[in-house]
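In the two complexes that follow, chain A is the common piece, with chain B as its partner first and chain C second.
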Partner chain A sequence: MAYVPLAVLVPMLGATFLAAARELLSRALADAVSLALGIATVTLCAIALAHSVDHTIVYWWGAWTPRPGGVALGIDFAFGPLDAGMAVFAASLTVIAGVFSWRFLAEVDALYHAILLVFLAAMVGFSLSGDLFNMFVFFELMSVSAYVLAGFKIDQRSPIEGSLNFAITNSAGAILALFGIGLVYSKTGALNLAQIGDQLGRHGVDAVVVAGFTLIVCGFLVKAAAIPFHFWLADAYAVAPTPVCILFAGAMSELGLLGVARVYWTAFAPVLDPHAEALRWTLIAIGLGTAFVGAAMSLAQHHLKRMLAFATIAYMGLFLVGIAMLSADGLAGTAIYVVGDGLVKAALFVCVGIVQHRRASLDEVDLHGRGRDLRLTAGVFVIGSLAIAGLPPFGPFLGKALVEDAAAHGHGLWWMPAVMMIASAVTAGALLRAGARVFFGWGSAGQPDESSDEAEGETEPETDKPHDHTPVLMWLPAVALLLAGLAWGVLPGLADAALRAADRYVQPNVYAAIVLHGAPPEPTTPVSLSASGASYLYGVGAVVGALMVAAAGVTRLRAVDATRPLFAWLRKLHSGHVGDYVAWLTAGVAVIGTAFAITLR
Partner chain B sequence: MSVFPYIVAGWLLLVGLWGIVTSRHLVHLVICLSVMQSSTYVLLLAVGYRHGAKAPIFADIPSGTQVVDPVVQALTLTDVVVEATVAALLLALAVQAQKRFGTVDPDELGALRG
Partner chain C sequence: MSRRARLALFLPAALVLAVGLLWSFADLPPFGHYSGIYGIVLGHVAVAQREATNVVSAVTFDYRGVDTLGEEFILFAAAVGSAILLRAQRGEDAAGAAAERSDRRADVVARPVRALGAALVAPTIVLGAYIIAHGQLTPGGGFQGGVILASAAVLVYASGQYLAVRVVRGVAPIEIADALGAAGFALIAVGGLVFGLAALHNFLGYGISGSLFSAGIIPLANVAVGVEVAGGVTLIVAEFLDQALMRRRSG
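And then the complex of A and B:
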């Protein structure tokens, strides 16, 4: 079992070494060392994944196993394939971000690599942890290194403000989560997730349980950028170095949702299961609200990274809808969706990075037609945009289809596929519109139809001047990520494996028996899952819708003008003022807490 | 067990949030965040408190003596370390904001909007 602690220790100790030896290391050596450490971490996480396929792996640090009777004093890592899979995914994205940084970030030293590795160690630790307080500690470690990475270009204005907004909003969220953890501890005297579940299951729902659950879930939803906690995300992603955006958009926000899922199914499901229906509606409302705010805001952007940031928010909303099904099929779909979308979105971020490298600009209007000779980048960007809309057979399509099927067939929400189709069509449409303008020069040049004040002060280039050619270490990751996104959608047996894993994930009593009493695994029943015929129609529908939205945006139809007051109002809410963000956070917690207090009894 | 510490913890949480929302100075804002964080210290220590119990240092007390819960104290210490890290980072950013923007008033930063 030595691979379990090593999965965290290798990147952590590696980071320490890089930071200590930074004076001695040349840039190339630092790149090579951090790349080797990243690949080692991917390997260790992959071993963990392979071992956990048949049986939940429990590792007690310092061999502090639970006392007879199921009292856990020690701290454990407990993970199944979904958790370990997330760790593998986060580590792989870190490696790709490292490769992309090689040529993209000209002036960084070993400290950058060290922070990247600390970030990775925290993500892996968070993915595998089976202890509520340790989840918080890894969550905070992840956050702090993320604040540093977001504000890495500290000598420019917008990274300072973006990192401040990010850090303050997320710290406030983490404090709320810790307050919730304190309340849960006061109720159960336990920090081990399985033991909390065991204890809570013996009592009913009361005010302390609801308050604790609200605060913990809201704390994680801040990281997952659900409304009204999402404001920080666009600020942070717009200013972070593009390689870091790959990690933020692909793994970090998703880990917030993993936190919600894990805490619900291991600790709170035993007590809240009778109220699953009420909880489902609250989460669906948050998820769909997030999806549509993200979609509308991405349509209103001209700053390419900010547009991708709002697209990320939109898809986080759809992932939350998948988790909100609170069922194995919904969770399996979400898991596939997260990875598929993460891969394709990473490819899009790399494309934007290449445009920035070649043209030293990120503004859609400024770049109008200037991407004509970037043919490969254009191809990857357009196909990637269609893929995240839901073009079969890419990975995002498979995930979206499974979530839609779970909603429509499992829970009778027949309207859900159509709603999800619209949200992804609008989001992808915004990206396609930008692609059409930048890479093909379609539509008229000149002033944008909406005021583009967000671009002011954000145009400072990360790479100071335009370059003449695209290095292989930039276009290769873009193509590889897109192909990986395609492979993810056609991997045979993936959906079945995800459903088997999710089936185990949603059974808290099985988890508790394995963690607390070392019970042998129950034999899993063979299952099969595949995208239904109707979901192909919705996938194609989303692609057609995205093309229509893009066409309307490029040609500036009169109908587009009519929507302008709505966008103006929505954009005004995104004020860039951290006090406003925290006010929204407070209000959101109050509203969600009230909803839970009314419905969970 | 008195409810008083819980009221204090709740009060600190809310007053810290209020301070962040209305702050006009980044340093003041970071302190408000610390106030908010200290609510969790009070909460955790209150959760573990047992009336009349000893400190959980087993070197010089007979075994079997009732002690307050050492787990929450460990959590609080960890929490203090986390808070110190975050505060240090935020203050460094505040210094940079003063250098680049010439102001530490969040109302006047405004490089990111919409």
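And then the complex of A and C:
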């Protein structure tokens, strides 16, 4: 099982090599070395995924297997296909981001690659770890390297500000999580997730469980950009180099949700399971709130990367709804949704990067009609926007459909598909509106100050001046990512496999028996899952809705003008002031904690 | 938000949080009645299993070694990150700043401070090395000793010498030390994979507990972390000093 630790150690050692040898490495050599290391990591994670399909893999570092009675002295990596799959996905996006950087970032040396590899090691470690404190360590490692990547463009002022907001807000979230871990540890004397679950399951819910769960979940939700913890995300994504955005939007935020899911199902489900119904409603409220704030805010943006950042927030909300079902079918749908959406969103970020490379601008108003001759980019952008709205048979459609089915059929939330349809239609509509104006020159150009408070200041080009052609290494990733998003939706047997994996994920006692007592895995029963007929209607509905939203935006209907005060108010809340963000964060923890304290007893 | 609005949002929320935390503290085991089994088990088995008299180091470098590996890389990322974020920007006159600091710095510092700083450098290095080398025996180890070593570099600066960690834009030996230290611990983990049963598994003799060469890979890991921490902290301090000097010159 050497592939398990190597999946973390290879990128770590690679990072130290690149940092130590950076004087000797030319740009091309550094690119090649980090690409090779990235592919090696993808391969190791893929091996881990392949091995974990049939049974949960448990790897004890230092060979410290638990003592009889199930007391873990050491740290384990314990993972199934969902965890290992997330690691594969994160590693693959890192490789793509690296390739895209080749031509996109003019001035980087080996230190950039080194920090990218550290970030990769952290994501893989977080995906696989089976120990609460160890998850926190990799979470922190992920954060520190992400702060650096976000602030990479130091010659402009806004990256420093965006990175600082990111760092302060996320550090506050990490402190919350650490406090929660401390509470759980003083209650259980354990850091191993299975052992915590075992200990907590012996007693009922008490104040320590509520406070510990609140703090840990809120800590992870800061990274997952749930409201009201989401403010930092747009600031950070807007300023981070576009290749880094691919990683942030596709993998980092989603890992926050993976943290919530893993901690719930391994450590807290044994004690909180009787209260699942109450917990579901709180999570649904946060998820839908996040989805609609993200959707409305992406409609209010003119800065293309900020728009995609808010779209990311909107979809994070929908993923949270999927997890909130607290059931295997909801989780399976979410897992598919995360990857499908991540692939297509990455393609959209690459398109924005190409526009930026060619036109040295990111502002929808400024770019009006200037993308007419970027035909391939236009095609990928428009199809990608339709795909994340929920166009069958793309990957996001399949994931969204399965989440909707889980909500409507599994839990009687018949209205959920319609609500999710509206949220994704509005979000994708904003992207389509921008696409129509930039690539086709439709509608009036508008005034730069029209509704965009962030138009100036954050549109400084990352690539210094416009270029005359699009390098292969830019358009190829865009096309490949979009095709991968399509393939993800039609891959035969994917939904069945995801449901099988999720079935195992939601059984804490089976997990604990395997981790702590080396129990043989239970045989899995064959299951089958596919998108229901109704979900195709909702998918098409979302696409039509998105086109209508885009058309309304382009033609500037009077109805659109009427909504302006609402958007102005929303935008005012997103002030860019980090003190505001921390105040919101505190308020969010207080409200969520109060909700848990009232309902989980 | 205005300052008032921010406070109006923050203060009640903070109050609710504080009350919630106090409420949860009331449910914790009373002081002295901690029920966790981890410490009790380790207290009984660690010295026998690991021949390390400092059980804390047995936990941090062996039982929970991968946590420490991650933490070491957090510092590595922070050091590399400060080198990236504080790199000389176009238009910033790095060479000029270097010239300035070598000229003037020595005159600014009072002579008693310089004498004291210079006198303390060597004992500080010895102390740092001692703390690193005895990590498996007595409280201390790579992290603590590494910071002490880095403070020797700060003493050098305090006594009037500019920290010449790099010549204008080259790579400093200190940066290489930082990377090699980080690599060292990761390589020890790989060593466990090659010569032992799992990554980070001990693959050296345990020796006799209480002696300098005991506890298997723990002293080796301490040295690797010590080098990394000394390099990383020195690099961070030097980058910030660089930045401060450039600012003073330009402003």
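We take it that the second predicted complex is superposed on the first by the 597 of 601 C-alpha atoms of A that agree within 3 Å, B and C clash if a C-alpha of one lies under 4 Å from a C-alpha of the other, contacts with A are read in each partner's own complex, and residues count from 1 in each chain.
Going forward, a residue touches a chain if its C-beta (ideal position, glycine included) is under 8 Å from a C-beta of that chain, and two chains touch if they have at least 3 such contacts.
Small disclaimer: the values here were computed from a predicted structure and weren't measured.
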Touching partner for A:Ala36 - first (chain B), second (chain C), both, neither: neither
Which of chain B and chain C A:Ala211 touches, first, second, both or neither: second
First, second, both or neither for A:Thr586, with chain B first and chain C second: both
First, second, both or neither for A:Leu376, with chain B first and chain C second: neither
Partner chain in contact with A:Tyr147 - chain B first, chain C second, else both or neither: both
Comparing the two partners chain B and chain C, which touches a greater set of residues in chain A: C
Chain B versus chain C as contact partner of A:Asp235, first or second or both or neither: first
First, second, both or neither for A:Leu566, with chain B first and chain C second: neither
Partner chain in contact with A:His577 - chain B first, chain C second, else both or neither: both
Which of chain B and chain C A:Ile75 touches, first, second, both or neither: second
Chain A positions touched by chain B in one structure and by chain C in the second: 133, 137, 140, 144, 147-148, 151, 154-155, 160, 163, 179, 183, 185-186, 191, 575, 577, 579-580, 582-583, 586
Chain A residues touching chain C - in the complex, by the definition given at the top: 1-2, 4-6, 9, 12-13, 15-17, 19-20, 22-23, 59-64, 67, 71, 73-75, 111-112, 114-115, 118, 121-122, 125, 133-134, 137-138, 140-141, 144-145, 147-148, 151-152, 154-155, 160, 163, 179, 183, 185-191, 206-208, 210-212, 214, 573, 575, 577, 579-580, 582-584, 586-587, 589-591, 593-594, 597
Of chain A, residues touching chain B in the complex: 133, 137, 140, 144, 147-148, 151, 154-158, 160-165, 167-168, 171-172, 175-176, 178-179, 182-183, 185-186, 191, 234-235, 238-239, 300, 451, 453-454, 456-458, 571-572, 574-580, 582-583, 586
Contacting residues of chain B [partner chain A, same complex]: 9, 13, 17, 20-23, 26, 29, 33, 36-37, 39-40, 43-44, 47, 71-72, 75, 78-79, 82, 85-86, 89-90, 93-94, 96-97, 100-101, 106-107, 109-114
Footprint of chain A on chain C - complex, ascending: 1, 6-7, 9-10, 12-14, 16-17, 20-21, 23-24, 26-29, 34-39, 41-42, 45, 62-67, 69-71, 73-74, 76-78, 80-81, 83-87, 89-90, 170-171, 175-176, 178-180, 182-183, 186-187, 189-190, 192-193, 196-202
